[in-house]
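Each chain carries a letter (A, B, C, D and E) given by its place in the written order, and its residues are counted from 1.
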């Protein structure tokens, strides 16, 4: 089963989703994410493993990238969520996948995406009193010296 | 009455014993480092003196001139006294250890009982160190140590009682004399007692695989985490002195003490003692550490029943 | 022996960041009830070096030395996963000989890494330095081979996008064969020293059980996943390089306890030796090296590639905007997920087992904190 | 202050005939002892820690120098080998550990990261630019990324030389 | 109960197996390289310190460009016969990651990595090196510390 097949299956259930041209990733509207995750984890697709969560700062928006994996079907699915940069909030997936806990904390720490209903949304890599979100493109810090 | 001559003799004996203890502890530290190194196919200390023989001396002098830190929040008295409470019993035990036919400080007629009583007070020092340091690792180490020694005292004593059944005396010299015909270890019942003794004694002096109170990979340095300089050195010396004591007792009780052909008594005694110490070191550098509940379980479920059954069998043999 | 109506005060022990057995700078906030662990909160980030930020300002070639410092025990595998990800982005094919060389060095590095894992695991269980030093002795042989192949002991920087930096030096195959011959009996030594040792068994059997479902849910990968009974290895299931040409087994465990995790690593040692043997025998003659100076400029796009590193699946998510630097580079480190499960595993065990479980998970702070 | 001056009665001994000679040779013995028993702190930060263990392991064996007693408690160490990258989060801990060590104490910066931040000098927001920037004085710098174990020994011998030649030790 | 006795009997046997392994190692000769007296030769490809043949350098700055840590800096000036001439070549050793990219990229092999591996200093200033100075590594190439 290929990524496009997964897209078609999701599309059947959730007509709002679309496909990214370049990467063939499934783009899910941010309010639909928990429902899609629930569907992905369910019997039909059995994506039992949330392999990785990451984010990309595209200046005007933040793209959240979820990589799901199904051990049963030996199959990978990439799901993306576009978030506006000034109000980056999305529902947490910790109730479906325990691995989401730390991944989401990391994304929060580095990109400032707020995950709603996360059990413990605190900074994970940087100290708790850290200012700013380091992996955003406009991040500055006196300690950060650019390589000439 | 203490006369001048007896005072001089006492002072001489005491300094001889203390000299022997420190020399022996130094030697053991060097030897342990060498044995461990060769087990790990390396050399160990090499560059300080010939094959590193001066290494423990350098370590001791260095520890002497280190700053002595008193951490904030320690229970001062307890913290200060702990190293002495560990070291003094270790030294006192030497009173009744027979090095040769006449080479014993005082042949008490309760010799073995005295040694056991004295050495088990060393635990007070360890527990005081754990309590007084105001450090959680130390506290855990001290607690473990207390629980451990209380449990292992029982099989230790029972195994010694088995020996006493055969020797018929508590005096160390008389125990050695009783082995004139054959070493006690050759008796099947005492053979078992020997192993029970060695295992419980290892636990008693906190040697690996029973080194829970200082378990480096869990408790950083256990009860002596907060000690620096000379106080730390005292714990170190006490550990090695204790190790010598238990091996000396084992040699006396089971291996015929200073008895042996050709060579003079003290030499035989030291050979036997150091052989046992070598085995202890060998074991230390081979096995993983047991966990605290397994340690207790081992004492109560394995060693105590075995030693008890062994005692009963031995008693039956003697009565028959 | 639990009395529900009795409550004792909880002891809060800070384990780390400087602690002899936290494998680097990890900080565990342990809540103890006597010797029993009630809760364990893991704090990471003490080695956060912001690799992902650095990657955005380095060219694709310049970032290779940084991947060495991710999982510094298995640098070759990090190099490999990174260059494979970039090659996937570029749609670049690699000469056959380079593939074989990559397999050989990656497997050698896997052996070195597993040796370290076994050694430190034994060390954490309190086997005083001896198994660790034996493992280091054998590891040193691998390191010497690497020293000859690429000129450094720990940070190799050997892979290049499109090939490798140097071809294998003259006579190295002899040395690798000698190493295999030397290594096989040594594995028996470890078995004698650890595997059947009653103390070791007692310490490891049925402790820290990681069930299959939990492992998958927590996204555990690598030997830890296999120890839980999931037969899953990227080298077999999604073969990259030339792994599909070799014959090797995937060792799996049954219970997912500490002993199984140890066992899987031990078995993987001999499987890796087997792969190396086959690769040495089948290596073709061809050009394997590439020039470093070539500017790599992939087209805009995104790629996710993962490879089986000794600790699990190491993934690189690279976003390219068509310039010489990656726009965003995410490192999906296996130890990161493997450590997250620790809190689940240590509840209710004794404090001595915490370090054991941590050792059996074989984490490495370098790639967790990045 | 010289080490021997800390001994009670040092001034009195100094006045005795032959006293200075005794003091000088005592001082020499102390320095010899200090230099040949430098116990390091078990303190690995990053990559260099692996090389530090390798230096302790069988092939290289740091114990030959008398420096093989890796103590886990800072109270019992003489030399802190800063082996690896110090992050901002870790900086405070490193400082605390240094302060917990008893005098006389020495610091070796192992690897470029510990000297200046090394490979992580540019473009990073979370790495301290070297041990010195934390306010910890460094006695010996050992460059390398990571340095070979032999290089660590070379640095150790250099430190021993520094200890032996220490005049009126400031520490 | 049966298990208890089984372990009581077979446990010690397995313990002794472990002891045999360590004893075998105890009697095998040590493999230690006694460093200051014995030294091993560095391998052919060993990446030591960066070194330069000034005559070979064509001042293309490729090494400076590829260096991931920016530890190299070179300037050139116009010589008397209108030819480019090296003015300075600075090497900040404390930033170097010894990755060897600069040596690999150098088109004329002017820049190379030598075999020096005993480097230690108590003065951080010594880690900033002028590659044009021929005696730059004299202290480390033949170490005198014993």
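One rule holds in what follows: contacts are C-beta pairs under 8 Å (C-beta built on N, C-alpha and C of every residue); 3 or more make two chains touch, one makes a residue touch a chain.
Note that this is a predicted model, so its numbers are computed, not measured.
Chains touching both subunit B and subunit E: C, D.
Shared contact partners of subunit A and subunit E, listed by label, are C, D.
Distance from each chain's C-alpha mean to the overall C-alpha mean is smallest for C. The chain with its C-alpha centre at the largest distance from the centre of subunit D is A. Centroid distances built from C-alpha atoms place B farthest away from subunit E.
Subunit A and subunit C have Cα centroids separated by 25 Å.
Centre-to-centre separation between subunit C and subunit D, using Cα means, comes to 31 Å.
The distance from the centre of subunit A to the centre of subunit D, each centre being the mean of the chain's C-alpha atoms, comes to 46 Å.
Distance from the subunit B centre to the subunit C centre is 43 Å, each centre being the mean of its Cα atoms.
Within subunit B, residues 37, 39-43, 46, 216, 220, 285-287 each touch two or more of the remaining chains.
In subunit A, the residues that touch at least two other chains are 125-127, 134, 144, 146-147. Among the residues of subunit D, those in touch with two or more other chains are 57-59, 61, 64, 72, 89, 119, 121-127, 145, 148. Partner subunit C is touched in their complex by these residues of subunit D: 41-47, 49-51, 53-54, 57-59, 70, 72, 74, 84-85, 87, 89-90, 93, 97, 119-120, 122-127, 145-146, 148. Subunit A meets subunit C in the complex at residues 22-23, 25, 48-52, 54, 56-57, 65, 67, 71, 74, 76, 78, 97-99, 101-102, 106, 110, 123-127, 134-135, 144, 146-147. Within the complex, the subunit D residues that touch subunit B are 3, 6, 29-30, 32-34, 36-37, 57-59, 61, 63-66, 68-69, 71-73, 75-76, 78, 100, 102-104. Subunit C makes touch with subunit A in their complex at residues 44-45, 48, 50, 52-53, 57-58, 214, 216-219, 230, 232, 237-238, 300-302, 304, 306, 313, 315, 317, 319, 327-328, 330, 332, 336-337, 340, 344, 369-370. Interface residues of subunit B, counted against subunit E in their complex, comprise 35, 37-43, 46, 282-283, 285-287, 301-302.
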